[in-house]
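First chain A sits with chain B, and in the next complex the same chain sits with chain C.
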Partner chain A sequence: VEGAMQADAKIRTESATESGPRGPSCSLRHFACEQNLLSRPDGSASFLQGDTSVLAGVYGPAEVKVSKEIFNKATLEVILRPKIGLPGVAEKSRERLIRNTCEAVVLGTLHPRTSITVVLQVVSDAGSLLACCLNAACMALVDAGVPMRALFCGVTCALNADGTLVLDPTAKQEKEARAVLTLALDSVERKLLMSTTKGLYSDAELQQCLAAAQAASQHVFRFYRESLQRRYSKS
Partner chain B sequence: GVYWVDSQQKRYVPVKGDHVIGIVTAKSGDIFKVDVGGSEPASLSYLAFEGATKRNRPNVQVGDLIYGQFVVANKDMEPEMVCIDSCGRASGMGVIGQDGLLFKVTLGLIRKLLAPDCEILQEVGKLYPLEIVFGMNGRIWVKAKTIQQTLILANILEACEHMTADQRKQIFSRLAES
Partner chain C sequence: MAAGFKTVEPLEYYRRFLKENCRPDGRELGEFRTTTVNIGSISTADGSALVKLGNTTVICGIKAEFAAPPTDAPDKGYVVPNVDLPPLCSSRFRSGPPGEEAQVASQFIADVIENSQIIQKEDLCISPGKLSWVLYCDIICLDYDGNILDACTFALLAALKNVQLPEVTINEETGLAEVNLKKKSYLNIRTHPVATSFAVFDDTLLIVDPTGEEEHLATGTLTVVMDEEGKLCCLHKPGGSGLTGAKLQDCMSRAVTRHKEVKKLMDEVIKSMKPK
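Take a look at the complex of A and B:
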């Protein structure tokens, strides 16, 4: 008798092309998300953005070692495994960023002295990796039923030398850009949860990127909602 | 307005009053440590069995299956379970017998199977004579006359999650014929 059921949700947003600069209007790559695809973790999700793909698994609330337990809230751990090679310093720093975002959102006080572990595996990296990791982590946390005060999403912006803004850049666009900003936004008031930036930019450009990311996050949250509706309407 | 929110989860969080199946992992002094699938093992006192006294200890070994209910279960304290109800009677709780098979399913499936008007259980009962115990922590223990029948029943219950009612009826009719 057949095993796993896969809730597949593919929504086509405006698809990006490799050639030429895009306008500042919202043009994110094609999204896809699949939940509950792994049998061992309590929750799992796979998130695709264009050619970037990340698989996330969540375990929790589970046992925690006495050395790591916090008396009044859950201990959140994030493990990020790159596609090839051993995890290095870049992975450690991304893990910390993802952990800080999740800690701001997860209601840890409901499960003190437990651990919630998010394990992320990079399946393919074609630009905007951190944003894809954040989206996959959010979908996996929802699949596991971990209580959260809001959903969150990651959006990457790249600023070119001529000042144009590109959302959800590919790896080539990221390399050629003057500055790359990754922002994590929450779903309730589109507030900023986490930002990490690399490169040279002015504060007016930062505000412009923030506004563009907030507009783009509308699309991502609508995609989350439709994906979940599709999954739960099947049962 | 009161809302009932149903969710689909695999990880159990102890709730007071829930009946669960636990596995005894340790015996330390007067209490047993029982793994119930939550973040902490629950504690079970040796006196919390029907007819147990300090002289008459219950026969519980490490690795035994226990069906009991939680008397203390909140986020701040270690969960405690007992195998007697408030009147001191066992009412089906205690050590689960020899043989049989314990397997894990999602919490939503257990709630569906334990609903008062569940057809699945009636159909399964007509198929083979069986003993079955449902734990709200996602664990089911099943025992039929032969090992093959036990495995068939376990597979059917695990698959019930993903099948529609028609597919299920097809499978049952095929099994009833053979």
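Take a look at the complex of A and C:
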């Protein structure tokens, strides 16, 4: 199909921060992203982080039901489908997190009384699922041409019992960790857009994770830019 | 005239107050509404608590029942929270299956229970592999005026402190459980998680304990759940405007002081209760 440009940008990213007293090992897994792979949605993207893979599709700006319309903004809707089973309360909670993150960056006031729907399908889950969903949603929104004030990315940090920090943990590392923090950062000022955490941790550890996530987000944003450059340079 | 201005331009109306570092109801930016708690009011429940945060009213009732323990953890019991936002509390909720707000709140409470380890699930086991307690925690909102998560967490904590479980022994001959209603004991509450919610205005200003209107006008919300050692059980920030690390630090310090206030209030109420 004409225009179905596929940007397969495989970049191995490694960020080694200087080891403090705890010596964190920071390295993100292998990333890959494909855009415009589905024909019906206005924008689509598939994001791979290691073995975790999420497929996202964006429809919009499109017609909105009168009961849901907002007079001066676009109505954003996020649907998250797990790999197996029916969506439950946990999915609803994640949908709310992703939706509020998208609402903070999407310029909804340019398309009042319309709806923008983001549909996410979990293809495989090997740790850091929510971060992968956020990245896929961002890439799909870019592919659909939805106006945004910034890009956003998701980063997961796992804190082990001895205090070491692991970025982008696998499912096994998440299970063994004392705390798992998923943070969404924006591309302009690296501010914290969304956070959801599991487990117990201290205030200082939170600041440490935030700093590590900000450093890691540099790599993710560079990856976004390079994959888009590669895609548009072919046309 | 002020009422007219408030209807037409609610955000501007609010900004006028925020410029003077206060809010329409007279509170400072870091001040909580009057918190009242009533423990043990529902006699048919094993534990109950009613919490009022200004106008927001939330009641939590806990019932304990028997169940077979999960097969992958035969020495653990269950704690099943459920937050219900009925049409009674606000005109925005309709009757029917739980809406998104209620589901998100239920998931939040489940996460707080799981992360803070408020009770050890092993304490709920009666006989490994055969019988254990399941605590059904029903949290119902009676009046929705913002900051529902703080009120629900406090109500849950107070109700759990009020729960008394009877002693259960397994009769060896019949294999049935025998309940001794005369001998009851309190649950072992290991930590006291307290939630503090903030609303972000215009991407810069942080106010504590938002009312319903303030939540509607805010550009983002943040809830911090802290236990007594200053450890964070949950940092729930569902999107909204970005925050820097320094702003987060301010939120943490406010959460620490709030924890002390809430703990003091709860201890006073429990001490003042007459034993059953």
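As a working rule, the second predicted complex is superposed on the first by the 218 of 235 C-alpha atoms of A that agree within 3 Å, B and C clash if a C-alpha of one lies under 4 Å from a C-alpha of the other, contacts with A are read in each partner's own complex, and residues count from 1 in each chain.
Basically, a contact is a pair of C-beta atoms (placed from the backbone, for glycine too) under 8 Å apart; a residue touches a chain by one contact, two chains touch by 3 or more.
Not measured: the values here are computed from a predicted model.
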| item | value |
| --- | --- |
| Which superposed partner A:Arg113 touches (first chain B, second chain C, both, neither) | first |
| First, second, both or neither for A:Met194, with chain B first and chain C second | second |
| First (chain B), second (chain C), both or neither touched by A:Leu151 | neither |
| Which superposed partner A:Glu63 touches (first chain B, second chain C, both, neither) | first |
| Contacts of A:Asn100 with chain B and chain C, given as first, second, both or neither | second |
| First, second, both or neither for A:Asp42, with chain B first and chain C second | first |
| Chain B or chain C, by number of chain A residues touched | C |
| Intersection of chain A interface sets (partners chain B, chain C) | none |
| Complex contact set, residues of chain B against chain A | 7-11, 13, 38-40, 75-76, 155-156, 159, 161-163, 171 |
| Of chain A, residues touching chain B in the complex | 1-5, 42-43, 59-64, 110-115, 144-145, 232, 235 |
| Contacting residues of chain C [partner chain A, same complex] | 100, 103-104, 106-108, 111, 114-117, 219-220, 227, 230-245, 248-249, 252 |
| Chain C partner contacts - residues on chain A that touch it in the complex | 89-90, 92-93, 95-104, 181, 184-186, 189, 191-203, 206-207, 210-211 |
